[in-house]
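You will see chain A twice below: alongside chain B first, and alongside chain C after that.
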Partner chain A sequence: MKLVRLTAIARKEVLQIWRDPRSLMLALLMPAMQMLLFGYGVNLDVDHLPTCTFDREGSQGSQALMKRFQASHYFEITRVVGSYAALKAAVDDGTCKLAIVVPPDFSAMLVAAGSSSVQAIVDATDQNTATLALGYAQAVVGTFANDVAVEWAELHGRAQPTQSVSVDSRVWFNEQLESRNFIIPGVVALIMALVGAQLTSLTIAREWERGTMELLVSTPVKPMELMIGKLVPYFAIGLLDAAFCLVFAIAWFDVPFRGSYVTLFLTTSLFLVVILGIGYLISVAIRSQVGASQIALLLTMLPTTLLSGFAFPIDQMPAVIRAITYLVYGRYYVTILKSVFLKGSGLTDLLLPVAALSVYAAAIAFLAARAFRKTLD
Partner chain B sequence: MSAPPADAQILAERLVKRFGSFTAVDDVSFSVRRGEIMGFLGPNGAGKSTVIRIFCGLLGPTSGRAVVAGIDVAREPDRVRQHLGYMSQKFSLYADLTVAENLQFFGGIYRVPPGELPARIRSAIEMAGLAGRADMLVSTLAGGWKQRLALGCAILHRPPILFLDEPTSGVDPQSRRHFWDLIQGLAADGVSVLVSTHYMEEAEYCNRIALIDRGRLVAIGAPAELRHSKVRGELIVVECDRLGPALEALAEAPGVRDVAVFGSALHVLVDSGRAALRDLPQFAAGHGLEVRRIERIEPTLEDVFVHLVAGHRPAAQPLQ
Partner chain C sequence: MLERILHLLRKEFLELRRDRWAFFRLLVPSIVQMVVFGYAATFEVFHVSTAVLDLDHTQESRDLVSRFGFTGRFDTVKIAHTQADIDAAIDRGDAAVALVIQPGFASLLRKGQVAPLQVLVDGTNSNTALVALGYVNQIASQFSQDYVADLQHRTAAGLSLRPVQIVLEQRPWYNEELNSRWFFVPGLIGTLLQIIIVNLSAFAIVREREIGTLEQIMVTPIRPVEFILGKTVPFFLIGLVQAALIASVGILWFRVPFVGNPLILLFGTCIFLLCALSLGLLISTVCRTQQQAFATNFFILNPLFILSGFSFPIASMPQVLQWLTHINPLRYYLVVVRATFLKGVGLDVLWPELLALALIAAVLMTVSVLRFRKTLE
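Here is the complex of A and B:
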């Protein structure tokens, strides 16, 4: 392997990327776009859920309960209606996701029987939001009921009716329970997969398509020099994009970063070897740019989005799918990213995913080094 | 086949290349000496490009041997590649790079000593007539310039052997002339050149030419030698009022060996020129044809080619 040839290839590749608006956009604009898209677009939290109330009693007690909903940041009462028809309309047209109905005998029952009930109607087209909304609504009503019971006991000079057991919870790693903190680190993997594989999938296919391969094969350049010379610029772009994502995540989205930059750099390099290797293999196998970029999307972006646990928790997948995720290299990197960002894990904590990623990188590099043969046969 | 000369820089020994059931190169043997220009002549699809690609290590031969600078191409392709320059039929420089960047790239690939590279790039730009255009994108260059730049890239590492696959196709006549001047200059400096073309008149620039048809070497020799030794008999040109009937009639005339259409006239190969000039107009008149012109001519390479492949090529592809 000769450094002169390697640099000649790398230099040429940089010039070509620089003059190709498509590649340049992919390398420089895509990361920012993806970050904004996922940072703002994918939000699994329930916050200020538009809520509709139908208070059929209109008493002091029922209003007190409504105030509890108003006070909670999970809900925002956007509409107060006076009939079931209006309530139905509000839920049907999607302006309200949750409706709370207080029965006309709410306070009376509370006084007479010591218990009462309110009705919650939830739009469950998005089951995740619906489940969370119901849970929060139950919590609001539960604390209200508890307070009412305490008040009642004090008023009647009796001891508190129940010794309630409560959970004193501490949330670790993602203290605000913000889904953004959980999603953003994984987006880094997504961007690496997208940009890295897309760009490299074009690199050999382009030479075939434009006819420059014919001349290149006639020169003494070695397949190894060609591969490394071509991948080095993309490796640099990948690291640059990763650094950009890191700054964006920390400075813009306030995602906590508790790990070390060295750990992140090493594991990102490992992941890039896998991604660039796959892109290169595709480019060698498929001699058209369009075909190669399609296949690259299928083999990198898709599994990294769906099966890496970046947004969709692997624990909740069926056993068969869960087994398949072990083959998805993105899974290991996403695990590493989340741990490094939120837990501050070091390499020793991440031995297993790092080892898995290393095996993957070694296998891909081995295949890629043998993939390209200098012949037109 | 006679033994190849000791200084053979390019040597084909019973070269065969098959693609499935199609035989693209069929038992081809020849050699090219130092400083010699060997022209490959033949119609499209005759196998010229395939032979050149085998020599550049782009295709492996099915059987036989291709030797360049004493090195077997199939055994040590990368060692051979350092000794040769190649211009492919399809333009294959980087269109999105500038003139200078392309030269720089190939300088790096061939490991031209960094101290010498700037001077060599300068002389290549000068040779290609691209002075002042070093920073232009190749995509913006006209055909003739592109071709000369491709030659410049191919000789940047001073290879003793050049393979040029139809280097002048699609280039205007003046640029073609200029290009051939460059090639002859290189050959004078000792570079061996194997060049393919389908322009018959370009064959005259070559020291020797090899006629190739459907993968087979039909004839090989100096242009003048081929013209005189390969055509037995004498050649006359006949212009008639009706070409088709004349072709049919004259083929049956006594003393006629072969008739072929050349433009609007017929080239008739006869046993004796004098007899033909005397008898053919009468013979034609007997068939209701009027001869407008009839005279003896020197055979061209095209005559040689048509004559050699006649018989097994009923509808010969026209040659320019």
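Here is the complex of A and C:
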């Protein structure tokens, strides 16, 4: 292997990227676009949920409960209805996602029997929002019941608990439970996969399509030099994009970064080797640019979005698909990213995913090094 | 005129059959997404890995802990003996939730005081953490109520107690089991149609332009309008078949209910297909090569997907992005699909969405046809 030939190839590749506005756009604009899109567009939190109330009692007690819902930032009472039909219409047409119905004997039952009920009707087409909303509604009603009990006890001069067990919860790693902190670290993997594989999948296919392959074959360059020379510029672009994402995530989106930059750098390099290797393999195997970039999207973007734990938790998947996710290299990198960002994990904590990624990288590099033959058929 | 269009139709189907990349581009992602969203991608929370540290060792504490197992929401993966064990389990990710009961838990309860249940949650996945915390609260408050009720019956001290209880009756409409598959699978009709139809129509025209056959067609007596019809009608038909196929798989295989009027869905699908075809035509007017079309497709379709409410609720996005979603045809179509599948509402509710779809289709069609005619001249 000669360094001169290697750098010559690398220089040629850099020039080619520089002069191809589309590649340049992909390398520079895409990360920013994806970051903004996922940072702002992907949010699973429930806030100001449009809520409709149907108070069939209209007493002081029922109004006090409604005020609790109004005070909670999770709900926003956008409509007050006077009939069940109006409530049904509001939920049917989607203007309200939650409806709180207070029965006509709400306060009377509370005074007489100490127990009463409230109905929460929720539009469950969106299952996740519905589950979260029911949880928050439960909390509002629970606190209200507790306060009523305390009031009653004070009035009668008796000490008494209703809530005999209090839940005292502490959240680690993402203390505010913001979905942005959970999503953004994974977006880095997505961008790497997208940009890295897309760009490299074109590099050899382009030579075939433009007919420059003959020229390349006639030079003394060795397959190994060709591969490294071609991939080094993309490796640099990948690291640049990763750095850009990191700054964006920390400075713009305020995602906590608790790990070490060295760990992130090392693991990102490993992931880049895998991604660039896959892109290169595709490019060698498929001699058309269109075909290569499509296969690249399928093999990198699709699994990294759906099966890496980026948004959909892997431990909730059925066993068969969970087994498949072990083949998805994105899975390991997403785990590493989230741990490094939020938990501050070091290499020793991440032994398993790092080892898996290393094995992957070694295998891909081995295949890629043998893939290119200097023949024209 | 009809005869000429029919010839074009035949030619188009022939070309589609011979396009070997179409298979990878369209079929593979469709199948993968069907499987993943039908089986794997879920925001539901079951079997959360749970670590337990019971320092009280009483009947009460064991009763409380065992209730977590009964719900199927929590799986005890570790019985810890020290706080350090618990911290390590959360740190390493062996457990996502930890329950800690301090000594004296039961004696507090027996004295009628509030006894704390400490809960430690790994917040890395904010959504799972939120949902799990909601279940913890429900289980704890149920335990509370049962305990107080029991105390009341059994003891003299309990006789003076008067629990206040407000039951929140949960009524998840349209999706009583809160099954996330019901949310995702109908939505796939929209997202897959969009990807496939925009892709097919954009590529069909760009391919002709790239290999130069567009000029050949233009010298035949075929008029531009006929050409556009000949190019789009096949994909319109493919789109309808595909929608029917996905809907059938959803209903028959994934057992998603269909309670609405199929005619409304058909009507909405037709307008949505017009939007998708016009978008494809529009993309074809700005791209000269298939490679460009591929990149442009991605740049446009990815934001449309994220900002459609397919998996991430629009209501949780920042205001500016929410405005942007109003020009996204997929947003309206998803409402129509989900409403006809799960809610069973009629035109009286869905007319605003259908009207919006029709307006977008009209604008897109006008712009794309005008632009297309201009590119021919």
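Note that in this section the second predicted complex is superposed on the first by the 373 of 377 C-alpha atoms of A that agree within 3 Å, B and C clash if a C-alpha of one lies under 4 Å from a C-alpha of the other, contacts with A are read in each partner's own complex, and residues count from 1 in each chain.
Throughout what follows, contacts are C-beta pairs under 8 Å (C-beta built on N, C-alpha and C of every residue); 3 or more make two chains touch, one makes a residue touch a chain.
Keep in mind that what you see is a predicted model, and the values were worked out from it rather than measured.
Visitor: Does the chain A-based superposition show chain B and chain C clashing or fitting?
Guide: On the shared chain A, the partners fit.
Visitor: Between chain B and chain C, whom does A:130 touch in the aligned arrangement: first, second, both, or neither?
Guide: In the superposed model, A:130 contacts chain C only, not chain B.
Visitor: What is the contact status of A:302 with respect to chain B (first) and chain C (second): first, second, both, or neither?
Guide: second
Visitor: For A:43, select first, second, both or neither according to whether it touches chain B, chain C, the two together, or no partner.
Guide: Touch partner of A:43: chain C, not chain B.
Visitor: For A:221, decide between first (touching chain B), second (touching chain C), both and neither.
Guide: In the superposition, A:221 contacts chain B only.
Visitor: Contacts for A:86 in the overlay, against chain B (first) and chain C (second): which applies, first, second, both or neither?
Guide: Neither chain B nor chain C is touched by A:86.
Visitor: Looking at A:19 after the superposition, I want to know if it touches chain B, chain C, both of them or none. Which is it: first, second, both, neither?
Guide: The first partner, chain B, only.
Visitor: Given the touch rule stated above, what does A:349 touch, chain B (first), chain C (second), both, or neither?
Guide: After superposition on chain A, A:349 lies in contact with chain C alone.
Visitor: Under the stated touch criterion, name the partner, chain B or chain C, that contacts more residues in chain A.
Guide: Tallying touched residues of chain A, the top partner is C.
Visitor: Taking the superposition as given, does A:110 touch the first partner, chain B, the second, chain C, both, or neither?
Guide: A:110 contacts chain C only, not chain B.
Visitor: Considering only touches as defined above, state whether A:250 meets chain B (first), chain C (second), both or neither.
Guide: In the superposition, A:250 touches no partner, neither chain B nor chain C.
Visitor: Least CA distance chain B-chain C after superposition, rounded to whole Å?
Guide: When the complexes share the chain A frame, the smallest chain B-chain C C-alpha distance is 16 Å.
Visitor: Which chain B residues qualify as touching chain A in the complex?
Guide: Residue positions touching the partner: 53, 56-60, 77-79, 81-82, 84, 86, 88, 90-97, 101, 104-111, 114, 153.
Visitor: Considering only the defined contacts, which chain C positions touch chain A in the complex?
Guide: Residue list for chain C touching chain A: 21, 24-25, 28-29, 32-33, 35-36, 39-47, 49, 64, 90-93, 96, 109, 112-131, 133-138, 140-141, 143-145, 147-148, 160-176, 178-180, 182-183, 290-292, 294-295, 298-299, 302-303, 306-307, 311-313, 315-318, 321, 335, 338-339, 342-343, 345, 349.
Visitor: Which residues of chain A touch chain B in the complex?
Guide: Interface residues on chain A, with respect to chain B: 2, 4-5, 7-9, 11-12, 15-16, 19-20, 210-222, 374-377.
Visitor: Over in the complex, which chain A residues touch chain C? Could you list them?
Guide: Going through chain A, the ones touching chain C are 22, 26, 33-34, 37-38, 40-50, 91-94, 97, 110, 114-132, 134-139, 141-142, 144-146, 148-149, 152, 158-175, 177-179, 181-182, 202, 288-291, 293-295, 297-298, 302, 306-307, 311-313, 315-318, 321, 338-339, 342-343, 349.
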